[in-house]
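There are structures below to look over.
One chain, chain A, links the two complexes that follow: it is found with chain B in the first and with chain C in the second.
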Partner chain A sequence: MEKSKFLTKTKTVLTKVLHVLSKIKSMPQVHFILVGVFLLYVGRNIANGPTPPSLNFMAEVLIFTVAALGLNLLLGYSGLVSLSTAAFIGVTTNGINILIKTFEFSFISAALTMLIISALFGLIIGVLSLQMEGIYLAIATLFVGYIIIQLFTAAAIFNNGNSVRIGAVNFFGEKVYNTLLIADRIVLYNIVVVCLIIAFIITYNIVSSPSGRALMAISRSLHAAEAMGIRVKKYRLMAFVIATMFASFAGILHSIYFQTTGTADKWGLNASLIILAIVVIGGMKSILGMFLGSFIIIGIPAFYLREIEWFKGMDYLLTGVLLVLVVIFYPYGSAHIVYDIKKLYYKLKIKIKQRLVKKND
Partner chain B sequence: MSFSVLIRIFFNSLLLGSIVALATLGIVLIFRTSKATNFAQGSIGTMNAYIAAYFTMTKGYNWFLAVFIAMITAFLTGIVIDKLFIRPAKKANIVGKQILTFGIIMILSGIMNSERGILRELFPSVPIRPDSLFEITNQISIFGANVEINTIFVFSVTFVLLAIVFWFIQKTKWGLATRVTASNEETARMMGVPTKTVTMFSWAFAAMLGALAGIFLSSRVAMDPLLLIGVQVSAFFAGVFGGFATFYGPVIAAYLIGFLINLSSYYAITELKTDALYAEVFVYFMILVVLYFKPYGLFGKKPIRKV
Partner chain C sequence: MTSTPILEIKNLSLHFGGLKAVDDLSFSVNEGEIVALIGPNGAGKTTVFNCVTQFYDHYKGDIIYHDSDGNQVDLRKLSVTKIVHKNIARTFQNIELIPDLSIIDNVLIGAHKYIKTSIFEHIIKSPRMIKQEKELLKKAVEILDFLKISHLKDAFAFGLPYGILKKIELARALITNPRLLILDEPAAGLNEQETEELSNIIRRLKTERKITILLIEHDMSFVMSMSDHVCAISFGKFLAYDKPGIIKKHPLVQEAYLGKDE
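Moving on to the complex of A and B:
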């Protein structure tokens, strides 16, 4: 009697635990953290491998992922294009450099200040976006990015567009992390990964909040959203401010890991187009897809194509071919490859089942 | 500022303005007919300008013959790009097409930086400077200002070409087809307009305009795979400033921007003793302010859209 009671009790507890586990399993946050753990593992393996500079490529992939997350909010969830994302990464790295060297800020306070300043920049573009749309808005943001890059090149305070070292980063207390030391570099990489996970979770929360839903409604149909009583202007401004802050966050990560400002040319139209390509290739409205897209565009040429003898010096061309192929065959982003694989799996399953049934007959 | 200086600035900006106008017209043509923002216009032009340079410098051909060959290759490039990349990507949206043209940039610059076989001879890795039809020393005096013959030649070629293009678009049957495709592709197709052919030829024609811009510019600055990047950015700005809705607006805006930048650069260097880049920044900033109040460009109209 006692035993059966105990058994039923354990059974109920077990089912409850399993239920909770399955709930946790389906939570997107858990997926993000799992991806983060995987990235930490990959980073450790690369750092101990034969060619430590490839850790730099991995960090670049992650930094562009963060910038792409912001642009994804803009493009995927509200249908607005920005061609000045990379310029704001440059604004942040240069701003941190000046704040630390000239005004003697600590790293954390410099980073926070630059986040706020970038938000103001985002507000400026947002105000422009209230008037324009489509290609006009895209080129207007290109204007802003171009003006910023030209200012970097012209002004002596920005070192005339040359890249300078910001110097070792000091977060709290006395400990200083220098990217030139391999032992410190892996720590910095881990910090970047943690920040990426935080960015993932923030994006998810924004998207699933009422504001995110409003943005989505605007992206589908501006007039319908307006008719539903959504204040379009407010949300457009918000989208631009958030996207620019994400770009600024990417800039902060760049100055944490690489500890340089980067040349002005690095943050030009080309880099902005790369970020745009990441969003399109990764799949709009997909969060983990941004990492996939970033890896396809920056990671695959850096890690694989350069290694193969026959492809030497052609990595740029092959990336272009890859880009074109993905746009032609997956116009909604490579995140949809997963669905196709699932479809194929089910098709095969049904076919095998039919075969088995035929055999039995 | 004396009158002769003003004349000199005016003629200098005619050269750059013509180059930008050619590039802009190509971009507008493609945007109107295939709804794609063509970032690859500069790369296509540069590649074919290299071909012209190869025939004049290495093979020693006549300038006109070399340009003619480059025009043919540009025509073919445009058709290949439309057939191979743009048409299969029917499902891609407008941003997807932007990325497609970015992919084309990557492919073309991959070809230009390649070091295999004939590509190495066609696209040398050191910057080259092909001869123009008229030497830089070949100058005439207009109102006391020395003006290069090359500038006048470039401007007159551009002017004649643009006049032909506008006549073609406004007066001929094919031009009508282009305009119809530009205004509404679906309806045009239903009415029996061969929109596919129109799109294909507009890509080919845009590539030719880009190549001509590249050839004109290559006599001024040393040639490398990034030759037309600056021109292309200016061309986009001209397109937006003039408005994509018309074909003539961007062309006028291209000359206007060229003149304003040259004038303010001169003022910045001689009067304010600062970098000419600040003048460019100032002009672009002012254009941005104008665009805030006229968001569809100087000559543009607000597109009417069904809800």
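Moving on to the complex of A and C:
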């Protein structure tokens, strides 16, 4: 008698625990953290592997993921476009360099200052976006990016577009980390991963909040949005400010990990188009998809196709072909693969069940 | 029933280039009534609605709204996004939903005017914001329950049947807690059963929630059976404003719909 009572009790407790676990499992924040842990593990492994630059490639993938998260907010959620994303990464890396060297800022205060300055840049582009849409906005932002890059190559303060070392980064006056040492490099990589998780969570919070709904309402149905009291100007400006701040955040991560400004060419139109391709191939309106897209476009050529002799210098070709294929055949992006696999699984399950039923009959 | 007006349209005129969409139109909507605006295609009915909700603001004449405090508000002075704050909500002729949001999120877009939290609170998901979202969610589910579609609340709006999309639009307007509800062809594209259900819902909105309803509709049996007053217009010009029974027999209305006897 007592034994059965005990059994039922444990059963109820177990079901409760399972219920809580399934709830946690379905929380997106948990997914982000799991991906982060996976990335930390990967970083540790490839850093000690035969080719140390692997960690650099991985860091680059993560940095572009952050920039893509910002562009996704514009392209996927707000129906806006920007072709100057990469330029703002460059603005931040160069800005940090100048602030540290000429104004003797600490790294943290320089990074925060650049974040605020980028927000102002975002505001300017946002004002542009109030005047024009679609292809015209794309052209306008393209020229903003172009002007910035020209400025980098022309001005001596930006080292005429050459990449220079910002110098080893120290946080809060504590230990100094130098990218030249592998042990330090792993620590810096881990910092980048943690920042990426934060970027994921921030994106998710924005997208799932009333602000995110408002952005989607404006892009999908302007009239309905206005009739429901959503102020278009406010949210468009907000979208651009946040997207530019994400790009700036990517720049900060670049300064943390690589500790260089990067050449002006690196932040040109090519890079902006690559970020655009990451968003499209990763899947618009997908958060983890940005990492997937970044890995496909930057990671795969760097890791796997590097050794192939005839492939050298054809990264763009791969990106272009992939872009066309995805847009035509897989418009929801690579992040949608998860759903398709799930769908296939359930279909198979149902089919097997039906077969079994038939057999029993 | 007291007949205090909630909305007065005075000498409304609007033209697009040379085309007079609305021409010196005046009528008023009494509080607590269901008023239908009818007229042949292209009569300017939706244009009148767009003027009331300030999508068009270059009209001549005045649109006066009597708010809940008894003040007379000239709607021209309000921007399009402020209209909903005066408890005027509308639906659209061509459904204007967000296809890639769930039904409940679509309804919550209507609750935008209640949102007091800033983007910073949204980024960190502050407790205040979570609490507010919970309250709004509860309200949205109540409204979906009222419309009997709460079982679909997590489905995406894309690809749902037309009747349900119309209901979601209605729910989105209802969550704004309207005093004046403006419905642009609510029964268009619905089958007989759905139309019957809709007219029950609209009657309940009038009796239970004391909402004044101004609607455009082409389904005459629907209009005549439920409205307290009907305003007929043709080519932007006022024809008649009266009880449905009288409008039916009104010579000018018959002429507008059926043509003149030669």
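Keep in mind that, in the parts below, the second predicted complex is superposed on the first by the 329 of 361 C-alpha atoms of A that agree within 3 Å, B and C clash if a C-alpha of one lies under 4 Å from a C-alpha of the other, contacts with A are read in each partner's own complex, and residues count from 1 in each chain.
What we mean here is this: a residue touches a chain if its C-beta (ideal position, glycine included) is under 8 Å from a C-beta of that chain, and two chains touch if they have at least 3 such contacts.
In this text the structure is predicted, and so the values were computed from the model without any measurement.
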Taking chain A as the common reference for superposition, should the pair chain B and chain C be classed as clashing or as fitting?
fit
After superposition on the shared chain, which partner residues are touched by A:319: those of chain B (first), chain C (second), both, or neither?
first
Check the residue A:147 against both partner chains and state whether it touches chain B (first), chain C (second), both, or neither.
first
In the superposed arrangement, does A:138 touch chain B (first), chain C (second), both or neither?
first
Partner chain in contact with A:205 - chain B first, chain C second, else both or neither:
second
More residues of chain A in touch with chain C or with chain B?
B
Based on the superposed arrangement, let me know which partner A:214 touches: chain B (first), chain C (second), both, or neither?
second
Examine A:223 and indicate which partner it touches, taking first as chain B and second as chain C; both and neither are also allowed.
both
In the superposed arrangement, does A:238 touch chain B (first), chain C (second), both or neither?
second
First, second, both or neither for A:81, with chain B first and chain C second
first
After fitting on chain A, the minimum C-alpha spacing between chain B and chain C in angstrom comes out at 8
After overlaying the two complexes on chain A, where does the chain B footprint on chain A coincide with the chain C footprint?
221, 223-224
For chain A, which residues are in contact with chain B within the complex?
75, 81, 127-128, 131-132, 134-136, 138-140, 142-144, 146-147, 150-151, 153-154, 221, 223-224, 269, 273-274, 276-277, 280-281, 313-314, 316-324, 327-328, 331
In their complex, what parts of chain A are in touch with chain C?
202, 205-206, 209-214, 216-217, 220-221, 223-232, 238, 242, 285
In the complex with chain A, residue positions of chain C that touch it
53, 55, 80-85, 89-90, 92, 96-101, 105, 108-110, 112-113, 115, 117, 119, 122-125, 129, 133, 172, 176
Touching residues of chain B toward chain A in the complex: what are they?
31, 37, 39, 85, 88-89, 91-100, 102-111, 113-115, 229, 233, 236-237, 239-240, 244, 275, 277-278, 280-281, 284-285, 287-288, 291-293, 295-297, 307
